[in-house]
Each structure stands twice: as C-alpha cells, then as structure tokens.
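The same chain A turns up in both complexes below, where it pairs with chain B and then with chain C.
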Partner chain A sequence: MLLHVGAFHLDIDSKQTTPWHQLAPRTRILCTVLFVFAIVLTPNGHWWTWAIYGLATMSLLWLAQVTLSVLLKRLAVEFTFIGVVLLGTLFRGGGKLLWAWGPLQITTVGLTILGSVTLKALLSLLVFNILTLTTAVPALLHALIELRVPPLLVAILTSMYRYIGVLNAEFNAMRRAAVCRNLMSSKRWQRLVIGNMFGSLFIRTYGRGERVYQAMLSRGYQGLPQVEKVSPGKRGDIVALTLTVILALLGQLIYWPR
Partner chain B sequence: MVTVMFSSWQHGIIQPHLAMHVPDGFLSLPVLLVTWIIAVGLIAISLKRAQAEYKERAVPLMGVCAAFIFAAQMVNFPIPGGTSGHLLGGTLAASLLGPWAGSLVMTSVFIVQGAVFQDGGLTALGANIFNMGLIGTFGGYYLYRTIRFAIGRDSLNGMVIGIAVAAWTSVVVAAIVCAFELALSGTVPLPVALVAMASWHVLIGIGEALISVVVVSFIWRSRPDLFYDPPRRKAPLSASRF
Partner chain C sequence: MHHNPISIENLSYTYPDGTQALRGVNLSIRATERVALIGANGSGKSTLQLHLNGILLPQEGQVMIGEWAVCSEHLSSIRNFVGLVFQNPDDQLFMPTVLEDVAFGPMNLGLRDQELKERVLQALRAVNLDPEWYGERNTDNLSGGEKKRVAIAGVLAMNPQVLVFDEPSAQLDPRSRRQLIELLQTLPLTQLIATHDLDLALELCDRTVVLSQGQVVFDGETERVMSNPDFLVQHALESPLCYSRPYCQLEHAPALLSSSIPL
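Entry: the complex of A and B
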C-alpha cells in the first residue's frame, strides 16, 4: 500500500527491534484485543486479577520499549469520564456507609465501582496505546485485511487516512484567509464563517472524491483489489497468542472457586 | 510539517466536549454484547447498501468524506452560552450522503478517532457506533427527512428547520441512550448519568444545530445537487419563453 503521505505520526516507537516488534502486526492486534476484552470483562472488585494484568502490561511496556512520556500524555484524555463516575459514586447507596453529608454519601459499593472502572479504563488504554505507538498505520490496516475485516471498510479507512492531512491543511488555509480578513472578530461571525467554510470544504471534498475516482479509473481500477495471500504465522506469533490466552485465563482463575 | 499540524489539532483534544465517546471499562458484558451485535449488523448492511449505491466510487468518495467529517470535528467554534463545542456531523453526513453511506462514514470516523485520540474505547466501539452511528446518523436522517418533506421538499425553510431539529435531537437522544447504557452497566446511577449527559449535550446540540444549518444553507445556495435528496429543479424560466 502506498501510504507515504502520512497524516499523523502516531507510531513513534515502531522502528525498534524488540520481541514485541518481531510479531506480525495481526498477532499484535489479536493479542491486544484479547487482552483488552479480558481486562474489561473482569467483574468489579477483582483486584488481584487486575494486579496480574497490570504486571503483564508493565512487562510489555518494558519489553516493547515504549516512550513513557508520550504514553502518559495520552492517558490524560480520559479524565472527564472518570469524573462522571466520581460524581455517581457520591449518590450511590448500598454496602457500608463510610461518609455522608446531606444527600451525598460515600459507600463501599460506590468506592469499589469507582476503583474498578478507573483501573479497567486505565489498563485498557495502556494496552491499546502500546499497540498504536509501536505499529505503523499501514501495517495496522494491512493486518485488518488479514484478519478478515471487510475489504471495503479497510479500503475506506485507508483512503480516509490518506486524505485527513490534505483536508486539514485545506481547512487551515481557509481559516487563515478568514482571520487575515478579520472575519473572526465576533462569535456570531465566527460561527457563520466556520459553517460556510465547512460547506465549501464539503463541496471541494466531493469534487476531490470524483477526481480521485477518475484518476483511479485511468490507472485501471476495477473495484477492490484481490486480497493478498496471508503469510503463515511464525512460531513466535503462536507463542505470543497462547501466552495471552493463558494470562487472561490465569487472571480470571484466581476468583474461580468463589 | 507534521508537528505543526499536531499543534493545531491539540486545541480540540483536551476539552470535555467529547464526553459521548464511551471509553473501555465503563460498560458491562450484556450492554457490550447487544450494542456490538447491532453495530456489526449496521456496518454489514451499510457496506452492502453503500456499495450498491455508489458502485466503484464508494471507496474514494466515502474515504474523502470520512476525512472531511474527521477534519471538521477537530474545529472548535463558540456556542451561545459561553462554551465552545465541535461538530459531531452525523445528521449532516446523512443529509449529504444518505443514511447508509452516512453511517458508514461515521463508523470509519469513530474507528480512527478511537485509534488516534483514545476517543472511545476498543471494546466500547460497538456502543459508540450504536449511539452516534445508528441513533445519531440513521435516526437523525429520518427525522430530518420527515420534517423537511412535511414543510416542503423544495423550500430552504424546510431544509433549515429539518436539519436544525434533527441535529439537536440526535445529539441529545444519543447522549440519553449513552446515559442509559452507563446506568444499565451499573457504572453510574441513572439520575446522575441522565443529568450529567443530558444537561451538557442540550448545549452541545445547540451548537451542532447552528453549525449544521449554516453548512446546509451554504451548500443549498451553491451546489444543491450534492444533497442526498436534492431539491427538484423548477422548470427553467428561459424554456417557457419559447
């Protein structure tokens, strides 16, 4: 795939050669999806399960040599949603009452949910970001085709990824032109001008879509390309998948007898 | 070049306006299961319908349109009342591309947003597609169409009122559904979730309606043929003279 016109540079750690990077991208996706689902589907209050998963995540972080500062910055985004849960905790009944002030109260049940949800969100974000930081976007898209995601959807995602940068630059040029003409002074005007710019950008976008289609036709495009042969997995891929499954089950087994 | 682009995107990232994309860990297994099944069904049908409708043009056209919605979502504009918001674009996309292609475009946008901005989780993708793709885009389209056709297909008034009502309603209803999902999962008590989500998105919805109206009127004036339901052309005046 020719994706040299990158729109964003997420995969800052994709050039290393660690055991994690040796895995085929589709194995990395599968492991991530399995692991994230295991984290998310753990019932609330199973602290030891998350301790094990957390340990595994930390070792993966170390193994894959991810740049920690970037990773931490990307975790900061989730705080609004945690805030809503925090608010919910204050109004929740059940369990032992720990603190009360008027209608507000903190109970053990509320705290358990708050802690569990925060942990789940944090862990799955970490794991998912390890994937996106270490795997280049074209590799991810190609792996999706190998994983039998409908080729039409992947083709749309691919062409979208290719044009985000173009459209973003085009919009910024329009905005700069508007700012230069002092059209962004009042809030009402700002809305009007931005709305008109969106409209005009859509018309250009539609035209661009037609032009791209013509260009593709001129190069002999005949619908979606055939799916390339899936390369067979190496031994490392199978080991990684097995390890992930064992790890996921191990975490759940701790609470099995209860 | 890349860094410049990123710094201009950064304004949009650290703001509470994205509160409708559910992250991982907030929804329970039954909610995840039901929303995923519906979302996968929606994607499968809309892929089929979009391909039947747009044929080979589907890939380039849907691709650039998804990139357009994505780029538009990153732009902040002031909402009356002092805050700022950004476009969600579901109803707008559907009014331009039709409900099937529109929800396909929105689905692509959610997938990329999840990967790029951690905006919505991996496991919660099904729920996000259900909330904003099915209810926001699909529901929004039929609401808009009903209102517009009731007032008059060829009048700008019908268009404006239809898109305004549908854009506001789709945002608010999607937020309410999201609140119900959080409550059903036992994450947040229902009253708290409802108040928090609805009160905020009533405002966001006003911004969505205002900007959608401006976009739609601009396209109506310059290229009305680009709408999915274009206004019927009146008989050209010059022809009646002969």
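Entry: the complex of A and C
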C-alpha cells in the first residue's frame, strides 16, 4: 500500500475521449468485473481461452490509449506481492516429477498451475489497472453507489481515499521532524522511531476520525450517506456489456466438447 | 430570521476525565450580531461552540437555539439552523471533490437534482470560488485559504441562520486572512467567532465575550476590553497588535501624542 502512496494520482489517463472513456463508469466497472470473473473461473491449463482474453485485453489497452510505462510500473509493483503467492503454487505433488531437492519438488501439475495462476493474475491486474488508470476515483466511487454497493461501504472507501494523502503528509512531516533532530544514529533506533511514528499516526487518526464525524454531524449527517439519483444507461453501455459477455463465452466455448 | 437565535442559561459541562470545561455560562446573542469569543487555550471556547450545534448536549443548564432547546429530539432542526466551521478544514472536507463536499450538507437536507446544484453553486459563489475551476478539484490539493473557503461554502450551502467559527484565521497567510475578513463582513448572518486573533476580533466584532477557565468574565464592547491590557493579561491574553503599532498617519495618533509633535 505504502508504495503507491508516494505518487497518489491514480487516474492519469482519465481525461481522454476514446470509446472506452465514453462509457459510463459503472459500465466500465461491470465489464471489468465480468471479464475478470471469466478469466479467473477458467479451469487451469485452458491456454487458448486466455489467449483470446489476452487478445481482448490488448485491444482494450490500445482502445483506451493507456500510458504503457505507468501501467508496467504498477504491474511490476503489484507482481512483487503476487510473486509470493505464485511461488507457493509451484511446489506441489501430482503429475510427472521433473526436479526434486529434499522436500521441494517440481512436477508437471505444479508447472501447469503456476502458469495458469500467473496468467490469471497478469490478465486480471492488467484489466483492473486499465480501469483505475482511465477512471477518476470519485467517478468510480459514484459508480459503486449506482451499482447498489452498500452506501456505508462506499462512504468508508471515500474517506479512505480522501485521507490517505493527509495521513501520508502527516507521516512525512513526522519523519522530517525526526530527521531534523538527527535520526541517523543506528538502524535499530530508526526502526523503533518509525514504529512509534506509526503508533502516534494511528492515535492521531483516531482523534481525526472523531473530529471528522463531528463535522459530518454538524452538517446534518444521520448515519447513512445520501444517494443521488441514478442516470439511465445509454446504448453504448449496453453494447459494451453484451460484447463482454459474448467475449467471455467465446473464450470458454473453445474447450466446450471436452 | 429569528430575533434571538442563541440564548444560553447557566450552562456547565464536565468532560469524562473530570475537567470542568464550562461553569455556569450565560450568554444571549441577537440576530445579525457578530460576536467574538476570546480566551486562552483550554478556556472552554470549543466546548461552548460544540453545544451550539448539539454535538455536546448540556449537562446542566439550558441552551436555546432559535425556538428549540438543545436536546436529542431537536438535533436535525438545530443543525440546519447553526452552521459550524471547524478550525482545521481537513477535518471538515471529507469528500473527494469540492462539489461533492459542498453538496454533502444539502443532500442530508434531502435536496436533489437542480435544487441541489443551485444551492451548491450559490454557496461556492458566496465564498468567491469559481465552480468551473474548483468544482471537480480534489479537496486535498487546495491551498489553506481555499480549503477554508470550501469549508465555509459547505456550511453556507445548508442555509443556516447562525455561523459559528472556530479559529477562522488560524494557519492563513495575510492575504487569505484579509479575504476571509472581507468575506465574513459580507455575510449577513449571526456570527460567533472564537479566535486568538484579537486584531480580527477588533475589526469584525462590536461585541466580545471573554472566557476564562470556563466562565464568562467579560461580555461587552470589543474596544473596551481590548484597551484594557491589564485585564487581558490577567486572563492569559494580550492586546491586539494594532494597538502597539506606530501610527502611519499623524491624524490617527491619539490626541496627546499629536499635540506634542511640532508640525
């Protein structure tokens, strides 16, 4: 999480006017989620399905005019986290034994699963990153409300988005203050101080939460966020959803007879 | 507009840790009056202000806001009647964009669509922010002065009759402070301004209330209390800076001084 905080400007490609950008944000979320479900629910080893889905992702990438360098950077950061999970899928029994060293063994089944899970993760992350790169966060949050996600949950997400920058600034201020008073002496001491900073950040957040809640109350908040009226969908939205469903089914049809 | 929007009788409040923040406060504010609330840190200014909006309920005594006594049944009417502007705008701006934040209050009032939009635009114009330029901006990326104005717009959008400010000029640069003073002068509402900025109090408010250790120790003309340095020091305050500045123009100097200078 903290890796992303440094440059907290998620939607660098949201101001363009491509067909993808013309879709209502809720349609973009729906298409993305549908597509990701299709990707991850495909049984392991169905390579051709993912080839079709990959082709579709690439066309989307081209269609939405995403800045590739930023996309790749984000993917790289996210893959370091997923890498840990991926390693776990490699060493497992079943199939033909290819390599063994003590309790560790690599088998054909392990390799298939590793490849499948890597592809699933890669494609899903690509699609989600395209969504967040091309859609402003407030628009995404709005779309979630329109998709009937519980308003309280969206309100929590909203305030997380709003305050992550404030928290980051506060943490940096504390760190700077510590460095100004010569926080250099030893690594151990630095870790201790940073731990304490996190602690006091937590306590400050608690106090801030209290004050924010008071500010909300004083403006008539009664426990549930208010929802604006939902605008009706356009024809383009329906076309996009239909295309996504057809694409998902097409990918699955290749392996149908088996 | 209500003729006597705030009247407080014998209000006392003790925090759970035993700190007595208010002791027998009596205060009454008339419509369109602009009143400064001054006092040292911990003198009970914020506690008093939180009572005016029903965020704290009176433990002893009574607070009347308009025609309603502050108690849990009348909270929503009271909160529509009194707008509270907090000291740190970051505590008050909790929505991602300026438009959404200003719309928060009116949406809680049940406004929608065109009416909501009108109200938001009106509030933004009242604080001199261009809705076109500021509307979609992230509330985190504004300057301190802009944040303050958005916070005030968020409160104005609820059409309150009373505005309560906690340290409005804190952390503002001189120009933003000047703009704020001009803004407050143009707002035709009853205002209660808690502040440490006594120059601001002197400029904006004819009447001043001094709190000290939870008690009202002075309630009257601003100039009278400001020109009494001994009294101010006694209550951990200090004369406004403008009282100690040299006079730029001779005719502004007190009579005593101008008569002694040969012209």
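Rule of thumb we're sticking to: the second predicted complex is superposed on the first by the 215 of 258 C-alpha atoms of A that agree within 3 Å, B and C clash if a C-alpha of one lies under 4 Å from a C-alpha of the other, contacts with A are read in each partner's own complex, and residues count from 1 in each chain.
Keep in mind that, in the parts below, a contact is a pair of C-beta atoms (placed from the backbone, for glycine too) under 8 Å apart; a residue touches a chain by one contact, two chains touch by 3 or more.
Owing to the predicted nature of the structure, the values given are computational and were not obtained by experimental measurement.
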| item | value |
| --- | --- |
| Partner chain(s) touched by A:S218 [first = chain B, second = chain C, both, neither] | second |
| Partner chain(s) touched by A:Y255 [first = chain B, second = chain C, both, neither] | neither |
| Touching partner for A:G165 - first (chain B), second (chain C), both, neither | both |
| Partner chain(s) touched by A:I39 [first = chain B, second = chain C, both, neither] | first |
| In the superposition, chain B vs chain C on chain A residues touched | B |
| Contacts of A:L87 with chain B and chain C, given as first, second, both or neither | first |
| Partner chain(s) touched by A:W47 [first = chain B, second = chain C, both, neither] | neither |
| Which superposed partner A:P138 touches (first chain B, second chain C, both, neither) | second |
| Overlap of chain C and chain B interfaces on chain A (superposed complexes) | 158-159, 161-163, 165-166, 208, 212, 216-217, 221-222 |
| Chain A residues touching chain B - in the complex, by the definition given at the top | 6-10, 32-33, 36-37, 39-41, 44, 74-78, 80-81, 84-85, 87-88, 91-92, 113, 116-121, 123-125, 128-129, 132, 140, 150, 152-153, 155-169, 171-172, 175, 187, 190-192, 194-196, 198-203, 205-206, 208-210, 212-213, 216-217, 221-224 |
| Complex interface listing, chain A residues touching chain C | 137-138, 141, 158-159, 161-163, 165-166, 208, 211-212, 214-222, 226, 228-229 |
| Interface residues, chain C side, partner chain A - complex | 50, 53, 55, 76, 79-80, 82-84, 86, 88, 90-97, 100, 104-105, 107-110, 112-113, 139-140, 154-155, 158 |
| Touch list for chain B against partner chain A, complex | 2, 5-6, 8-9, 13-14, 16, 18-19, 22-27, 29, 32, 43-44, 47, 50-51, 56-68, 70-72, 74-75, 77-78, 80, 87, 96, 104-105, 107-109, 111-112, 115-119, 121-123, 182, 186-189, 191-193, 196-197, 210-211, 213-219, 222-223, 226 |
